[in-house]
Each structure stands twice: as structure tokens, then as C-alpha cells.
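By letter and in written order, the chains are A, B, C and D; residue numbering begins at 1 in each of them.
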Amino acid sequence: MTNAEARVPLLRIVSLTKRFGGFTALDNVSVDIPPGERFGLIGPNGSGKTTLINCISGAFRTEPGTVLFRDEDITPLQPHVRTRRGIARSFQIPRPFRSMTVAENLMVALDFAAHEHVSVAQRRDTMMSILTQMGLASKANASATKLSQVELRKMELARAMATHPKLLISDEAMAGLSSSEVDEVLDLLMSLASQDITIIMIEHIMQAVMRFSDRVMCLDAGKIIAIGTPSEVMANQRVQEAYLGT
Amino acid sequence: MKRRTLLGGTIAVAAFGLVSSVEAQQPPIKIGMSMPQTGGLAGGGKPSLLGIEIWRDDVNAKGGILGRKVELVVYDDKSSAAETPAIYSKLIDVDKVDLLFAPYATVPTAPIMPMVKQRGLLLIGNFSFQVNSKVGHDMWFNNAPWGPPDSWAASFLDIGQKAGGKTMALLAADQEFAQNLAKTAREVATKRGMQVVFDQSYPPNTVEFSSIIRSLKAAKPDIVYVASYPPDSAGILRAVNEIGIGDNVKLFGGGMVGLQFGSVMENMGSLLNGVVNYNSWLPEKSMYFDGTKDFFDKYTKRAVEAKVDPLGYYLAPFGYASGQLVEQAIKAVGSLDQKAIAKYLRENTHKTIVGPIAFSADGERKETAVLQAQFRGVADKNMEQFRSSGKQVILFPENLKSGDLVTPFEAARK
Amino acid sequence: MDLLLDAVVIGVLLGCFYAAVSIGLSVSFGLLDVPHVAHPAFLVLAAYLVFFINEHYGIDPLVAGLIITPLFFVFGLAAYRLYYETFERRGSDAGVRGIAFFFGVAFIIEVLIILQFGVDQRSVTAAYIGKSWRIGDMRIPYRMLVAFGVAMALTLLLTLYLSKTYMGRAIRAVAQDQEALRLMGANPIRVKQWAFGIATAVLGLAGALLIIVAPIDPTLDRAYIGRTFCVVVMAGLGSMSGTLVAAVILGVAESIVLTMFGASWAPAIAFAMLLGVLAVRPQGLFGRRS
Amino acid sequence: MKRKGILFWIGAAVFLAATFLMTQVVGNQYPFFAGYVILQFIVLAVAWSILGGYAGYVNFGTSAFFGVGVYTAVFLAKAFGAPLLVQIATAAAIGALMGFALGLLTLRMQGIFFSIATIALTIIIETVITNWRFVGGAAGIQIERPPTTPPFDNYVQMLFFVQALLVVLAVAISRYIQNSWIGRGLQALRDDELAAECTGVPTLRLKLMACVISGALMCAAGAPAAMYLQFANPASAFDLNYSVSALAMSLIGGTAHWSGPIIGAILLSATQQLLTVTISSEVNVLLLGVMLVLFVVGAPEGIIGLVRKIFHSRNEGKE
């Protein structure tokens, strides 16, 4: 964190604003995320967390504001190009490719997002090692529709991993899971973070955020109301108001 | 591999079905045709077919032709041009029919014209319009009363000009038959130096004609020539009735398909009054020939069961007449030699229930027998009234004329 | 100028007619996402039943339309049940197969009509058919005024029903979020079935209008697939008043082209407008999706 | 994979050889007339399913592409007396352009909106052709066939063989797409477009590609129809029947595998040909309706799905 690298952020968001009709979902948001950071993103419902992610991953276009990734302006790029640049994400409500098996889900990522051309056999190996890491190896040939909730969450992370990301955005990957499952997924994310992957984690489960994050940012009504270490943010009055007040 | 076996199987089944059906010691004379029994032309195809079937039964009751019974081989072409080539190939190559009749109407007939020409086969046309003009097949004979292509528009405009008409409006459906009519009408008008003050084609499936009629009315024509299809004919007349057409219109109608069909006429009722429209047969005294009455007695009975047009004036007797044409020709020639039959048909005048028929070189009638008739005193919701004479007064041709034009149009509607 | 005014007036009335025949689809497709390509076939079927009642009992077509409304409601309930059991229950991707299913249903209805009523064109008689109302130089066919009245009534009733009643609100909720509805304690399937019943029931009156405005034949439904879907999509899915507005736009455009420009270009203009709308506002003019 | 590829090409070669042999040996014309129609529907169904099956974008505009193919041929024949192969090649090029334009215009629309847009497009194009006097306008046009070229002694036999070539071409393309990264990408975007995009799939480009290929093949299939019928009118060339049939055949056969649309097309069009010359009445249309409903309800994955269910023990989803 304190080394020289931190001055060249992996992701740099500059004055990002996003409006839907008259509603301002994001209001002049700027933040830098250095490589290797575990970044927690919190905020009440409708505060703009998912909108921010959609702006980073490219699902939404932004007019005012820029998104820089590894010093490159990616604002005009389509989502799939951003994925190839190294931004991967999971979804709040899992979105598997339903007509495919788990293995095939990952193969899509390997086919399209892999940087160098590698043989089919090599891709298969990569896929299996990711699945093994995620604890899904036994489900490789199962249809994506047959997975349990936690398996779906893991598969989404695995699919995101298969794109060889530098930045992984996990959008409430623990919602609706039991506490043991939450721990499981949290451990997974931790182990990914230790592999030199920067992670943005959106989460409602505060404990998980606290345990996971190097730094936490809190959004409310599209604005940053606090940013800092988990304990700093938690102690912040406005954060407490945002969570308890409204 | 799989697809070939399947395909082969289909053909085998089709062929097999045929072989087993023909077993009589005196093989029947097979007449093959497709006929629209579903789709947009079915309303015409079904009564036409019934007319042909009545002829078949009459002939067979008399012992057939040359001692052989007549058998019809009929397939449904779904009113589509795409279906007929395969059907006629089946009729020729697999069913090996002795004679071919064309399906009702121009569109399904057009694709088979080059085919029969190439193979040198006789084809009796069924109310198609000018399909042979480009193909030039010398063994084609159309049962329809059209005659030379421009005679139709010419007779209508004659009537209009006699009534003092100087300008013409033209309203035609954007479909093949209507467009052909409109084209000849335009040509005749130019030839006669008649001014065309309104010339519009409307698309198929137009729902509401009020706006078109309104702009037609604004052009103040003397003569309104309408070439329309069944659903639109009704819509146009309704709109005319509601919007009005102006007092200067002396003559209205001409080429409206649909006003010949019983159910349409019944539905339109008094809206029809005053319209002068083409027709092929009408229950006027001048129209009865040898066998005509007998035919309609039979048709009326069978139409109810078959759920087809209860009147059947327009197409059914001509279906019967198609049969009479080949019947006479075969008897005269004494064989099924198609060249000889064609020669006979071309060189003679034939007696039919729709009057004497003689062909010119292009296989159309030598002289037009298209009637122009005016609706008079028609009441609402009454099918039976159309069976009596006087409801449709024949204005043209001269030799069949049964009354004079009532003009202007607005007056004739009363 | 006179002609233009005339074209606009007739166009508005024609548009109302389009609205009336499309509004059922606006519920079934617009709110429930059922790809109901058999909607026009149901419509033609209703028109034939109206014809039958009018012909045999001499009952006014509008009344006849009302008489068959309950019948069509039940018919709709049954149709949705079948649809649900075969598609929605099995999960996603009903799309293509749903369309094929309803095409099949449309063909079956078409043939049944041919077998029962024959291929001849049919129409009905009523006091208001064939006469017109004079205002100054303008003449307006009464049957188009009937179309106007029915369209207004249907739009108003459906809008009120969807906003004021519990069931109506549930129907709108089901279009937005099924889960939320489940939490409210309502069974989404029941709600959808009920909504589909209503969508089908309004076809009774719409079918009466169809045969009042113009004669019908068994294959008429094919001409209305494009028109009805055009209206519903242009309106934006599920908006009743939007349906009316979109239909009126379509009607006026068609009428103006018919009167002022080449009549034969009318269909192209209408559908080019639809493409234009979709290209600029994919959610339609009054779309429910943001 | 390799072995299957060889088998496929052997099969294709045998098929072509057989159709060619048929044109040389069989004298009866009917098999060619009926066979031509069946082959034509195979091409349409296979082409349809590239966009409709793999990508899940339901194209209601098959008849628009088919009709444009027909009229491309009509125009070329009338204006330049162009030979058949030029007609087909040009039709394919125009079909590709049309697919590209349609894609650009509409592929940003989701699901059913795309379908509605294709209906609109069909009506617009039909109206344009209807108003185009040079190719006959609404009245239609009769076209003369050029003389037959050896080794065929009959034009319909030649058309039959040409359509067989198109079948092989269409199937080969469809098969290649399914087995390649394109197919996997299309399948992914069919399941979930946003997820596919965020997994690195260039969805718009893939959809455009599918649209272009599908459009080119459909137009190419339509081009020989002008010479087959020797007549063209807008109502027949843009018949809704083509759109419904292509969709129905693909679904009845099954869209999960390239062979599905072939099976569906053969089954349905052969049945229709057979019924046309046997029962030949309304029942024909009724049967199409009933078959559609039954298959969609009873065999949602089509015949391919049924077969797979039967051989469930084999590893699924692979080929």
C-alpha cells in the first residue's frame, strides 16, 4: 500500500456522473484504486453501487466523467473490450449461461477473453485448475441450471477468473448465502486477492466487508460520503446516518 | 445420407399410392388441375371446381367420352404461385393425366405456362388474365369471356362516354389482376384523349377507404373506374355510400372483383345500386343457353352442401363450359391427341352453357363477352333476389343487352 | 387543406379502431410478455362468432360482442393455463417456442373457421353501418364513430381497472417484478391467468368492431399481425393510453399517405415509422422499461 | 472432432454425387420439382437457425430475404440476362448487406423487439418492390429461362442440383459456426447478453456476423426461385409462409445442433409436399398448425432433443 506503485492506480475514476432521466444515480464520483487493493464498496440500497460497477464494466455509458484503467481511458470502450483489458465482474443476481455446462461457461471466457492464443488442451487445463480452486471441479459437466445458490456464485467468480482479470468486481456474491457459505466465498476472494488480483467487493454483510477490505468506500444517493480504512468508515457519522437514518 | 432416404421414401409413397388406384378395364380419361381451395383465391376456386365436377358427373351419367369415364385429379395450390409447378409436374409425370385444366386465377397459372408450352401440352385456362400474352403458347384456351385485353376497359368507357363522360378517375388495388385492368384502362383513355384526373393504387389489406374516396371525390371525375379485390370492393362501396362521390359522376364501377359473389352481394345489399360492373354470367333472359338452367338447378343444390357460393354465376358455369369444350373436341377428334384437340378448339365455334365460344390465335375469346351490368333495385340482406332478372341490367354487349344505363350515379343509387 | 383535415379526422378514427383491436395484445404481450401472435386469429374468430350471432338471431353486432365476452374470458383463462403449463413452468426460453406455439394455434383457428364458415367474405348489418354523419362539408361514417367510442371505452376501462382495483395493480406489478408480488401474498400465475383472460375478453368487442368496420375472411388475421404488434411495440409495452396514442399516430399517418401521397406507399410509411421509433427509443413511446 | 469432420465431408460429397446422379438418371420430372422445394426449405431453415437458433434472435423476416433474393434474380435476368450463378452470388451479396443493415438497425433491440422490427422491414421491402415497375410491380412478371447448360438436359434438374449445392454450403457454414468460437459466443449471448459481454464476448459483432451470414444464405436460397417459377409477384415472393415455415422447421428439428433444422425442414416440407398431392385441402394447413403445437409442447428441444434424451447416457452438449 505504501510502496511507490500505489501512486499509479490500477483504476482511476474521475468525476463520474450518471443520470437516468431526471434521476442522478452517480454524482461526480472520483476514486483511485491502486493495484492489489481489496476495496470494499458499501451503501444503502439505491445508493449507486451497482450503477458504479456498471459504469466501470461498461454496461452503462457515462457522459461526464472518465474511467482510466492502467493509465488508459476506457470510457468509450464496450464491455467486452474492457473485459479483455482485464476487468471482470460477477452479478448481483447470478447470470450463468443456462444452456451450458459449468465447464462450457468457463470456456466462453477462455475463448473470448484469453490474451494469447493457446491450444484447446491448454485452455481445458486452465479451466480445470480454476474450477478446482473454486471447489467446483466435480460439477464441471453439470448443467448450469442444476447448481445450488452458492455453487452459482462460485461459478460466476470462476467464469470471471477465466478471463484473466487484473480487476475483479464482485457484486454481492454473498447475498442469500448461509454464514458458513459466506465464509467459504470470502476465503475464495481472499485467496484470489493473494494472486495479485485487485478486487472491488460490494457487500451488504458488514462483517464480511470489514474482514475483507483494505479500504472501504461508502456511497449514498450517488455521492461518496466516506472513504478510508474499514474502522474509519464505520466510525463516520454520515455512514451511520445513511444506514440507520433513512 | 439420412435426408436422401427420407426424400426417396416420400417419392416412393407418393408414386405407390397412384399405381394402386387405377385398375378399371377401360381406363378413365384423367383431367388434372390444381385449384385454390385455401388462401385468398379459395372463394373463387371452390365454386369453379364445383362447376367442373358437375360437368364430370353429367358426362359420366351419359356414359363418358369415347366410352371412357372422366376422372378429375385435383390438388389444392393454396392460392400460391409457389405450389403449382410441383403440382403440375406431379400431374404430368406421375399421375400421367390425359388433359390439363389451369387453376382459377392468374397468379397460380402464370408459373405453369412456360412448362406446358415447353412440353407441348394443351391447357384450358380458368379466368386468368393475359398470362399467355408473353408466353405465346398455341395450345392454350381460356374459358373466361375476356376477349381482346382492351375490350373490357373499352366497353366500360364507351358506356361512360355515351353518357357524356369526359374525365376519368382510376382506383386500383395494388395486386396483379387489378393492375392489369388499370393498365389497359389507362391505355384506352389515352387513345381516346380522355383526361385521367385521378390515378391511385391502394395497398392490399387497406381497412378504411374513406380518405381515398374523399380525395377521389375532390378530383371531380365523370367516370370512375375501379379495379378492386373482394374485401376492398365492399369497403370502397361502403365508403362511397358514406362519403358520397359527387353529382358529376355518371358511371361508377368497371372492374370490381367480388361483386359477382353471392355472399358479398348479399352483404352489400342496397349499396350496390347504381354500380356498373363487369360480370361473366347473369340470370337475364338473354343469358340462357342449352343446358344453362339445368346446370344451375344442380349447382344450387350442391352448393349448399359444399358451403360454396350459393349463386355461383361468375365462375361455376365457366368451369362446366371448360368441360364442354374438351368434351366436344375429343368427340370430334375421336382421340385424346392434344394437338388435334387444340386444332379443333382453335378452328371451331363451340356450344356451351355460357353461349357460343370461339377462340382467336392467342387462345383468348375472339370477341369479348364480358358483361357490363348495372345493379338496380337491390334490397338489403336477400340472396334470393339476385336469382331474378332485372337486378343486374346488362348494358353491354349489344346482343345481350337487357336495359339502358341510369345516370348519373347518385340518381341511380336511389 | 380540407382534404388534410379530413384525412386527419378519418385517421384518428381509424387509429381508434387499431387501438381497439390491439389493446388486448397490449395486456397479453405488453404486460405479460406472452408472444401472442395468435391474437389476431382470436380476433377474427371473435368476429366470426359475432357474425354468427348477428346472422342467426339478428342481434346487434356490438351486443353480440358483449355476449361472447365472458366466453372469451374463459377461453383466455384456458389458453393461458395451457401456455403456462407448457412453457413458463419449464423455465426460461419460452420465446421462440412460444411464438411457434401461437402460430400453430393461429393456423388451427384459421382452418376451423374455414371448415365452419367457408372461405367467403362475411359482414354484418346494423343501423350504423353504411351511413354517415355530416358536419359542414365533412362526412364521417358512423361505424368509425362506433370504433372511436369502443376504443375510448376500452382504453378508459382498462386504464382504470389497472390502476384502481387490487387485481389491476397486481397485474401491473406482475409485469414489473414477480417476486415482489409473491411477497405481497398474491399468486403471480393466478394474476397472469386473470390478466390473460381479460386480454382475451376484450377481443369480444374488438372482434365486433373488426366486422363492423370492414368485411372479414378467414385469413384476415395475417394482415393484422404486423399492425397490432406495431401498435403495441410503438406504444411501449403495457401502456394502455400509449396504445391509443400509438394507434392514432399510425392511423393518421396511414390516412394522410392514402389521401395526399401515393396510396400504395401507406404500409411502408407506417412501418418505417415503427422502425424509426424503435431505433431512437427501443422501449417505445411510452415504455415501461427505463 | 477430426474424424467427425471427415465423416461430414464424405457425407456431403455422397449427397452431392447422389443428387447429381439423380439428375442424370431419373427421367421423371416430379422428384426434381418436389425435391427442389424441400432443398430450398432446408437452406432457409438452416440459415434461419444461425440467427434464430444459435443467437436466439427470432427473425420474422425470412420472407423479406427470400423475396429480395427472388427479385435480385428477376432484376438481373431482366436487365442484363445474367446467368443463374451470377444471380445467386449477387443475391447472396445483397442478402449479406441487408443482414448487415438490419443488424445495425435492430440488433441493439432485445428479443421480441427485433422480431417486430423484422416484420416491419418485410412490409417495407415488399411495398418498395410492389411500387417498382421495372420488375413488374404488383402485377408480377413472367421470366424466361435461359437455355439449359450441360451436363443438365433440363433446367429444373439444374436448379435442383444448384439448390443441393446451396444446402451443402449452408450446412457446412452452420456446422462450422456451431463448432467454433463463434457458436459458443452466440450461445452465450443467447443465454444472457450482458453476462456474455462481460465475459469478453463481442456480442454486437457476433450478432452482426450471424445476421449477415443468415441473410446471405436466405437471399441465395430465394434467387433460384425466380427461374423455378418463371414468374414472380410480390405477394408470392414475400409470402408469410416462408417466415413461419423456416421458424417451424428449425424448432421442430431442434436448434441445439446443426442437423436439427435439416431434419425439421425435410420432415415438414416433405410432409407438406406429400399432403398437397394426397389429402390436398384445408387439412394441410391444419396439420402444420397441429404439428407446430404438438412439437413445441411435447418436444421442446425438437427432434434433436428427443433423440438426445433417448441416448442420454452419451455425453451431452458435445459434438
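The rule is short, and it goes like this: a residue touches a chain if its C-beta (ideal position, glycine included) is under 8 Å from a C-beta of that chain, and two chains touch if they have at least 3 such contacts.
A quick note: this is a predicted structure, and the numbers were derived from the prediction, not measured.
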Label of the chain whose CA centroid is most distant from the centroid of chain B: A
Interface with more contacting C-beta pairs, comparing B-D to A-D: B-D
Euclidean distance of C-alpha centroids - chain B vs chain C, Å: 36
CA centroid of chain A to CA centroid of chain C, Å: 45
In chain A, residues with contacts to at least two other chains: 98-99
Numbers and ranges of chain C residues touching at least 2 other chains: 93, 114, 262, 264-265, 267
Multi-partner residues of chain B (at least 2 other chains): 37-38, 174, 201, 203-204
Residue ranges of chain B in contact with chain D within the complex: 1-4, 6-7, 10-11, 13-14, 17, 37-38, 74-78, 80-83, 85-87, 89-90, 92-94, 106-107, 110-111, 113-115, 131, 134-135, 173-176, 178-180, 183, 201, 203-204
Chain D partner contacts - residues on chain A that touch it in the complex: 57-59, 78-81, 83-84, 88-89, 91, 95-101, 104, 107-109, 111-113, 141, 159-160, 163
Residues of chain C touching chain B in the complex: 2-3, 6-7, 10-11, 13-14, 17, 114, 118-123, 125, 129-132, 139-142, 144, 213-215, 217, 219-220, 223, 255-256, 258-260, 262-267
Chain C residues touching chain D - in the complex, by the definition given at the top: 29, 35, 86, 90, 93, 95-97, 99-101, 103-108, 110-112, 114-115, 222, 225-226, 229-230, 233, 262, 264-265, 267-268, 271-272, 274-275, 278-279, 282
Contacting residues of chain B [partner chain C, same complex]: 37-40, 42-43, 46, 174, 200-208, 210-212, 214-215, 218, 230-231, 234-235, 238-239, 241-244, 258, 261-264, 267, 269, 271, 307-309, 380-381
